[in-house]
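Both complexes shown next keep chain A, but they swap its partner, so chain B is in the first and chain C is in the second.
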Partner chain A sequence: MPESWLPAFVVAAKSVGLNYAFLLNAFEREAWLKGVVVSVELSFLSIASSLLVGLVIATALTSERPWLARPARAFVEIIRNTPTLVQIFCAFFVLNMLVSQALGGPQNNPLTAYAWVVIVLSLHFGAYHAEALRAGIEAVPKGMRESAASLGFSRRGRLIHVELPLAFRFAWPSLINNMVDLVKATSLGSAIAVGEVTYASLMIWVNGDNVLELMIFIFLVYAALTLFVVWLGGWVEKRLRMPGYGH
Partner chain B sequence: MATDEALALETPRESRALPRARPTLSPIVPWAVGIALTWLALAHFHRDSVAMLWHWAPHLALGLRMNVLISVLAIGIGTVLGAVVGALELSRCRWIKAPARGYVHAFRNAPMLVLLFFTTYVFPFEIHVGSLYLPFPDWIKVTVGLALPASAYIAEVFRGALLSITSAQWEAAASLGLSRSQSLRWVILPQCFKRVLPPWMNLYAMITMSTTLASLVGVTELLESARNATNTVNRTDFTILVYLAVLTLFFLYCYPITRFTARLERKYAFH
Partner chain C sequence: MSESDKSQERQTLVQLRNVHLSFGANHVLKGIDLKVRKGDAVSIIGPSGSGKSTLLRCINGLLTPERGEVVVGDTPVHALKSEAERIALRKRIGFVFQQYNLFPHLTVLQNVVLAPIRILGMERASAEREARELLARVCLADKDEAYPGQLSGGQQQRVAIARALAMHPELVLFDEVTSALDPETVGEVLSVIRQLVEDGMTSLLVTHEMRFAEEVSHEVVFTEGGEIVEHGTPRDIFHAPRNPRTNAFINALRN
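For the complex of A and B:
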């Protein structure tokens, strides 16, 4: 459904030397818009699962059992000190291959490139979230912990009802930072042909001389997405504000 | 007075919110032992594929050299550019300040991969200087593409550091008879250095890890060399080993940097 303002926009862009003719091609326009939708989906799916992963790892990191805390620490250090792209390649070219071999051929493998990107981004940013949450848990005042214990909370009850709710609020600004980085990292999906906005644009600019024009669009998409995440984060922060903590 | 009161109330809460420094032994040793044992075990149980990896080692080393080269140049350019932009950000003139802020925001909010695509596809492949055609190879474009976001991050770090020095320091230096440039050189900058160094090193580790993105625009660095090796040999165990080697190399390069950064942060922390 070509909107009436679209040709007008293309003509106006042409007058300043920008070639947006691809917008008038229904096939390319739909493909690009689908890329935007995939980027949004990928971002929010990964943000949700990375928060869950972060919660689990943070619990393990602050555990008093060394067999739980040490592997969690090792995992976090490996994730933080190796490139995200290498992690994506390791997942897609090594783990995916092993899964395919175990299931007897790639046709039986239910995991797609999209799924691997979600898995890797969740684990990667989960590790970063976990570090922020660990700092938050350690920042819970000692008196708070002791009073919870004296009220008869078990260690688990203390973690769930006292430490984590506070740690979450302390860590929230760093968590938002990580989420913004996550949104930007979804562009790495293009490396293994996940059809998000960067990949969709790549597919269009190989056919035409419009790299700069698409680049401007991509920047706008990521700017809008990161701004939305920051705005949503601010809203949540306000909702979670407790008297006596934060400003 | 109201601000003093607020400060007095703020301070204990702020210090409580900081993560406690844990007095631990350097974890570098267990990591080194663990990595060495893993590779010894691999060399023992997968002798032929490790031999093949050894055969490909020069190719991988060339790749790694490219990563190091790009990262060092990018952080160098980024630091110089970032210092300038950071200083401009503190300018009192609105017409200087606003573009500097815009520069920082634009480059911090764009994904690095997209910036790399931008520099590789939009920049020309050679530069025309008079009758001279200077080649503009992809790896230099990648360096520029990484230096731009690096400079934006460094500008923020510099700005924060300069702002964190209280004006009392300037006044004290002036009362000792130091000129403005002398106080900058002997009083302010040495204090800034301590604040800038840890985030600067963190950024260097981040830039180093981002150099792998160069493989996506056709520069032969470590990840690209690894892909070449695995595609040529095309054997499951070799593929696993090569990627394990890439992970190990990056970890060996970046982990000491982040450990050292964490130590400096503890050493320079306010108490």
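For the complex of A and C:
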């Protein structure tokens, strides 16, 4: 049921020349709201898994073992030297087909377009996170490593208890930047028909004369999402602050 | 104290024989011989760049000499190959740094209990109890919830000493631990070390505090240019040095 204020809003918008009539059409309205929900889901799922990917790749990048560091470096370079959209196409049209073939037909392939977007965004932004975290790990003072080693920590223990907690703090502003970028990049899902807010809007404006109206909504949705990420990032930054350190 | 107890006490804990180490073309250690007996405090003095800090790092395996032997207790440090062996060694040796190197993201208490819990596998409750005792010993009982960045240099260094002691080391290496401190906080750190030495903790100190070295040490070693020029009792080194280089160094400090 449309809320009582909805018709009033549509009338008010009409008076300034904006056509939001689609909001009174239950089918279109629900489809659009579903798109917003999908965008939020895509954003937060991909942010979480991209951070995990970033952590793993950064650890590999800074490893003393060349068989870990070199493939990690190659991965980062491949990822950041090709367009995100092309990566999504490549994943959905090429990798997805290969997976289907390997599993004996598309009916056995559990990976949807939605899943591929999450995978590509996680790997893509994971590579950027990894570079930020690598910078953080390398910014850890040498003396910190020496004192951890002197206490008996292994390379792994030093990483977990000293280097990563510090690297994470040093890298956090860059990570927030990447996450804001990631939220906006979820709109690329529209290219392979994932029903996030850009795609849902597109499906509505092809049937009506309301491109501008939907554009305004899209901007507002992404702005709200990115501002929320920035706010959350600031909150975490405050929690992680090391009293008396560096300022 | 019986005769056998005395000989026990005089056991050699650290022995270096003909230790050489270079960084590139820079020959830092040129055949160091050194012996530290259990319960002794040995001070290493000498001009900057004479390889004093490098020497300490060879003892706990942070650096590996190119030639020569380093033996701690029964452990041939120069021959350790695996990380596990080095960890076993480092658990027995405390190291206190010039720059304190406390973990800035952890509170004072967390700094002290981290290694006992993670490395020695101690229960958190007993590790914290012990940590509080140690903090009381270095007169910082009320700073357990502070972060290192909120403390003065002298306070941080005392936390660093408590952190080293929390591992129950057989030996503590002090690497110019007062060099980064304000003059007024040097005293509080030195008195903690003095107490430790009086309690019989085997200590090897690289220091520029000559008066302290003279007062606290059982033996003083003078190094210059990567070599040990002279060693002896504090009395001998500071008041009757045999080597002209030692004499020049001591006199330059006096004036």
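As a working rule, the second predicted complex is superposed on the first by the 244 of 247 C-alpha atoms of A that agree within 3 Å, B and C clash if a C-alpha of one lies under 4 Å from a C-alpha of the other, contacts with A are read in each partner's own complex, and residues count from 1 in each chain.
Assume a residue touches a chain if its C-beta (ideal position, glycine included) is under 8 Å from a C-beta of that chain, and two chains touch if they have at least 3 such contacts.
Bear in mind that the values here come from a model prediction, so they are computed numbers and not experimental data.
Trainee: What does the overlay on chain A give for chain B and chain C, a clash or a fit?
Mentor: fit
Trainee: Of the partners chain B and chain C, which touch A:190 in the superposed model: first, second, both, neither?
Mentor: Touch status of A:190: first partner only.
Trainee: Please indicate which partner A:174 is in contact with in the superposed arrangement: first for chain B, second for chain C, both, or neither.
Mentor: In the superposition, A:174 touches no partner, neither chain B nor chain C.
Trainee: Quick one: angle from chain B through chain A to chain C, Cα centres, nearest 10°?
Mentor: After fitting both complexes on chain A, the angle is 90 degrees.
Trainee: Examine A:25 and indicate which partner it touches, taking first as chain B and second as chain C; both and neither are also allowed.
Mentor: neither
Trainee: In the overlaid three-chain picture, which partner chain does A:151 touch, first (chain B) or second (chain C), both, or neither?
Mentor: Second partner only, chain C.
Trainee: Look at A:49 in the shared chain and tell me whether it touches chain B only, chain C only, both, or neither; answer first, second, both or neither.
Mentor: In the superposition, A:49 touches no partner, neither chain B nor chain C.
Trainee: Based on the superposed arrangement, let me know which partner A:162 touches: chain B (first), chain C (second), both, or neither?
Mentor: second
Trainee: Scan A:63 for contacts with chain B and chain C and give back first, second, both or neither.
Mentor: After superposing on A, A:63 lies clear of both chain B and chain C.
Trainee: Taking the superposition as given, tell me the minimum C-alpha spacing from chain B to chain C, whole angstrom.
Mentor: Superposed model gives a least chain B-chain C C-alpha distance of 13 Å.
Trainee: Of all the chain A residues, which ones make contact with chain B and with chain C?
Mentor: 141
Trainee: In their complex, what parts of chain C are in touch with chain A?
Mentor: Contacts found on chain C: 60, 62, 83-84, 87, 90-91, 93-95, 97, 99, 101-105, 114-115, 118-119, 146-151, 160, 163-164, 167.
Trainee: Inside the complex, what are the residues of chain B that reach chain A?
Mentor: So the residues of chain B touching chain A come out as 16-20, 27, 31, 106, 109-114, 117-118, 121-122, 205, 209-213, 215-216, 223, 227, 230, 236, 239-240, 243, 246-247, 250-251, 254-255, 258.
Trainee: Note which residues of chain A are touching chain B in the complex, please.
Mentor: Within the complex, chain A touches chain B at residues 77-78, 80-86, 89-90, 93-94, 97-98, 101, 134-135, 138-139, 141, 170, 180, 184-188, 190-191, 198, 202, 205, 211-212, 215, 218-219, 222-223, 226.
Trainee: For a test of understanding, state which residues of chain A touch chain C in their complex under the given definition.
Mentor: Of all residues in chain A, those touching chain C are 141, 143-144, 146-155, 157, 161-162, 165-166, 169, 240, 242-246.
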